[in-house]
Amino acid sequence: MSILVVLLSLAAGAYALAVIERWAVHGHLSLTGPAWAALALMGRESLLAHKSDRLFFELGPVLLLVAGLMAVAVIPLAPGLIITDLATGALFLNAALAYVLVALIMAGWGPNGAYAMIAGWRFLGQFIAYAMLIVMPITAVAMRAESLSTVEIVASQAQLWNVLYQPVGFVLFVVAAMGLAWLPPLDLPDATGELAGGVEAEYTGVRLAVLRLARMVIILALAGATVTFYLGGWLGPWLPPWAWSAIKILAVAASMLSVGRYMPRIREARYLALSWKLGISLALANIFVVGVIALVVPI
Amino acid sequence: MTVQMIFLAFFGGAAVWFGVVVFRTHSMVRSALALLFSQTAIGAMFLVMQAEFLGVLQIMMMATEMSVMAIFMVMFMMDPGGMGKMDMTHQKRLSLWVGVIGLLAALLLVWLPDWGPVAQSVPGAHEQAADLGRELLGRSMLIFQSAGLTILTAMVAATMVAIVPNAEQRK
Amino acid sequence: MILELMIALSVGTGLFGIGLYGALSQTNLVMIIMGVELILAAALVNLVAFWRYLHPDEPAGQMFVLIVMAVMAVEMAVGFAIAIARFRVRGSVEMEEARELKG
Amino acid sequence: MTMLALIILAPLMAGLAALVLRRAPEAIALVGVGIGFLAATGTLAGAVADDAVQLVLPGLPQMPLRLVAAPLTAVFSAMVATVAAFVVVYAVGYMRSDPERPRFFGILLLFVAAMQTLVLAGDWITVLAAWELIGFSSYLLIGFWHRHDGVPSAATRAFLYTRSADLGLYLGIFVLIGWAGTSEISATLAISGTPALVAGLLLLIGAMGKSAQVPLQDWLQRAMAGPTPVSALLHSATLVAAGAILLIRVTPMLPAGALIAVGLVGGVTAVVAGLIALAERDLKRLLAASTSSQYGLMLLAIGAGVPVAALLHLIAHAAIKSTLFLGAGVFQHDRDSTDMDAVAGAGRARPLVLAAFGIAALALAGIPPLAGFFSKDAILAAALAAPGVVWLAPLALAGTVLTGAYMARALRVLWQGEAQPVLGKGMGWMGAGMAVLTALAAGLGFAFTPLEHLLEAELPPEGTAMILGLLAALSGLVLGWFIQPARLMGPVLPMAQRGFAVAGGMDGLVLRPSLAFAAACEGFERRLLASQLGLVRILSLGTASSAERSDNRLYAATLQVGRMNLRLGDGAENTDTHGIDGLIFGLVARTIAAGRRLRLLQSGLIHRELALTVMGIAVIAAVLLILPMSS
């Protein structure tokens, strides 16, 4: 039951997100645009690149989608409204999202196209930058909740949301998440206009539709993770929990999508240097501070 | 013949099969990713064996490790998969013999002895994680710390080996 | 139950054999590293199986697994560092060409 | 008790201080060795008064680390401390202008501390640790001038040779501990029978490596690349002595078979190394070869069952050889070389130094009343009185003759030729160091009688031995002074000069055993690899560093045996060209074949070595699995 609900709301969220993205990119709001685009993709002939690594070519988008769904599976939308409440949910989220990298490498390698491959390897480079910063803030969060289960992590924020409890971790996590979802300004992997869409360059038709959908799902999953870990999940006054979750997740996703409009693209090397020299030290400090606070003032 | 057994056998078979693929395929990326899937199947086996934390950890770590492996393969080998059937093995017969003999010996060692009573139930995932944490930061702290230190050392050493020596270091 | 243990251990031995073959037969350093990874993976499987079916209430078993994972990471890091250094010097990581150790 | 600790701690602390502070190393070093010297003499006095001071430290479970100052060990440590002290005094002058003195003195003192640990060790674990430390610091010392070409390779060679021989030590010690169940030396010496024989032979291998016995003597001469004080220390009382000391200490345990092996190795080395020394063209290398041959004599004495004779000769030799080296160092300073042509006549310019050198040389040759006379007579007497073994005495006599010969040759070279003006720089320190050691070399002989009483050991009667020894020494001196080595040695000369004399063999006595050894070598080496690798692998599962160490070991073993066999091949070709009967031809062919086969093993290819590794592990695993079943 709850699985169905989650999946439906996921579809709705993905659609809403697509609308928001069109809005963020093209500037004008059209509620039906994505639907037409999707239909168009369905109808379009799906080309197969010359001498492509067929297996990877087909598997890439699917694996991407699967990884996104896996990540969504441990995000609680409301008490009891979660696909599976793993004891190691937070870790599982990382595990699932790690396969985004694999999927992109496959999808980039598969079609035997220069742009796509460059994009795939670039994403690997970018991964080196953000990987640590995804895990370490979550560590701090789990330290406060004294559990890796996402539900308990949300419950642990009843008194005070983590965004206030550990703002540093919040910032780091959001930046890393945007890197993971290769959202602008960290969208070098499929730098539109530079790599002709990067990984998506060689995909057409249904496969492209799947790829786009998967990306929406991943963005949603990351927004959900942000909400779960830092914005108190379903917690909130007056409205029912699921509404709070929906609002928060959509808001976070929208803000993630629209940041790129106001910032220039960041070079990988720079991102790497920043996240390793500054980010990781900050994350360590964050873990330390959280540990001290958790030991001294139990809230 | 429980469900667990079926799953265990399935994932185990997958792990072994992908392991074979690693050395059978000609495409570097494929062999790296085959290794990845083999490791992932192993992680799945952990999950079947109710070692949830370890399973998830394995799945997560291997994804990244093997991707790195893949890019290194492409960097160093330029993926001869495209260039057809080039042989990348040597002392094949010897290796085959050694591998087979090792395999058989190990199988013998696995099947011959009496493993004694088998535990039926394991602590729940929450307790497992908690126990593991206490173990790591309690009795086994020294080992744990030394492992961490080893990794740190390896990072530093690897960086030192890999970076290009600049002018005044070179002379 | 005992059969599950047997299955797990047999999978471990299978991986071990394959890894041994690979580590010995491959000419390429990275492929050799892959073989070693397989061997270590075999060790992982056996450790977890022993923990699960023989000493489930002993967290030290899981600790061993963590240590082995650490070893895997270290092995890869150092191996690739060597590979890079060698590639820089020789332009290839073919072990057939590595004869410096010859006395 | 505290003194016992001081013996080791004083040099250790001083060395660390010198390395850390990096200023005024001479002062620190002098203070360190001074304190060590006083402590050692004090301990010796204590041991004379009431024996066996023990210092037990908590070590491994049920295997505490022990330091023992029984009379024997106390004597050794006193000897080491004395030589070390005066060598350091000398080194202050010798290294005066070297910019890296802190490093030098630091390592030197660490080395002394390690040596003291070894001689005072009361259990095998400590022995192993000290042994390793000695090998390592000697590597650093020999390679001290690592910027000069050839020096690093020499240091590495010395390291590899000794390391590969150390394998024997390890195995022997494991056998001992495994059999006796304890690591205390005095307790392990109680064992007998086959394990004693096996352990004895294994220890002999280790001792052969360190004491540069045939066929592992090559590294010693190359070790001359180090600074002269280092050579003096290594050769006289420390590194090379370690092997002999080890054997002297385990003599009570050795059964007849092991004793015969020891005596054979010693006798052969005494003669062969003597020939090499006679043929040498370089002063320091000559001294090095003579060191090998002298230690050969000591092993011969041990083999004859009279370790105390070996002990006496060890002590006398310590003083004598350090004096000789210090003198050689002075000449090296004057002529910037130790080549015979270069140092020809260098003695005239420094009559005092030459006098000291001459005294030491005569002492080594065994001229009364100098120290060497007594010790050598003891050895000869032991060889004559040796039960059953007839060939010990001739070997000993030959060694004595050769000693006289090459010493006379060295003196002649230094005396003849024209003098050159020299400027006395830093001679104060050098002279001081030399003077004391010379005095010891001259007068030590009269301290031997009380020493024997102290060790409750009585020597066999010396009547004939004295006459024979004196005759041999004199004849050797005369031969060496008047007859050119070329005429003296005839066809042997080129081989001896190449140092091939050992393995290549100039006569059946050396050739046949070594060839038989060569034929057996491949299998031997496989066993060597397997056991060694298995050990190291098992000791160091997963840790990268020791994996590398084990690689070095594998490489060392392979290299050493391979090199040895190559030399066997060359040497055999040599004899071949010298045209000896057809029996040799077959042997030569086999030798070369063995060498070629062995060359294949050290392919240097990763995967080959990996395969060998795996097989070694497999063998060990099989053994470990089968042993419990069988027992």
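Note that the chains are named A, B, C and D in the order they appear, and that numbering of residues resets to 1 at the start of each chain.
By our rule, a contact is a pair of C-beta atoms (placed from the backbone, for glycine too) under 8 Å apart; a residue touches a chain by one contact, two chains touch by 3 or more.
It should be emphasised that the depicted structure is a prediction, and the values quoted were computed from it without experimental measurement.
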Suppose chain centres are the mean of their C-alpha atoms. Which chain sits farthest from chain A? D
Most contacts overall join chains B-C
Could you work out how far the Cα centre of chain C sits from that of chain D, in whole Å? 43
Rounded to the nearest Å, the gap separating the Cα centres of chain A and chain B is 27
Express in whole angstrom the distance between the two chain centres, defined as the mean CA positions of chain A and chain D. 70
Just curious, how far off is chain C from chain A if you go by their C-alpha centres, in Å? 32
Could you say which residues in chain D touch two or more other chains, in rising order? 544, 607, 611, 614
Among the residues of chain C, which are close enough to touch at least two other chains? 20, 24-25, 27, 71, 74, 78, 96
Spell out, as numbers or ranges, the residues of chain B touching 2 or more other chains. 53, 57, 68, 90-91, 94-95, 98, 102, 128, 150, 154
What chain pairs are in touch here? A-B, B-C, B-D, C-D
The residues of chain D that touch chain B in their complex are 543-544, 607-608, 611, 614-615, 618, 625
Under the definition above, what is the set of chain B residues touching chain D in their complex? 90-91, 94-95, 98, 101-102, 105, 109, 150, 154
Note: in the complex, chain C contacts chain D through residues 20, 23-25, 27, 32, 71, 74-75, 78, 95-96, 98-103
Write out the stretch or stretches of chain B touching chain A in their complex. 27, 29-30, 33, 36, 52-53, 56-57, 59-60, 63-64, 66-68, 70-71, 74, 82, 124-126, 128-129
Okay, in this complex, where on chain A does chain B touch? 51, 53, 55-56, 86-88, 91-92, 94-95, 98-99, 101-102, 105-106, 109, 121, 124, 127, 131, 147-149
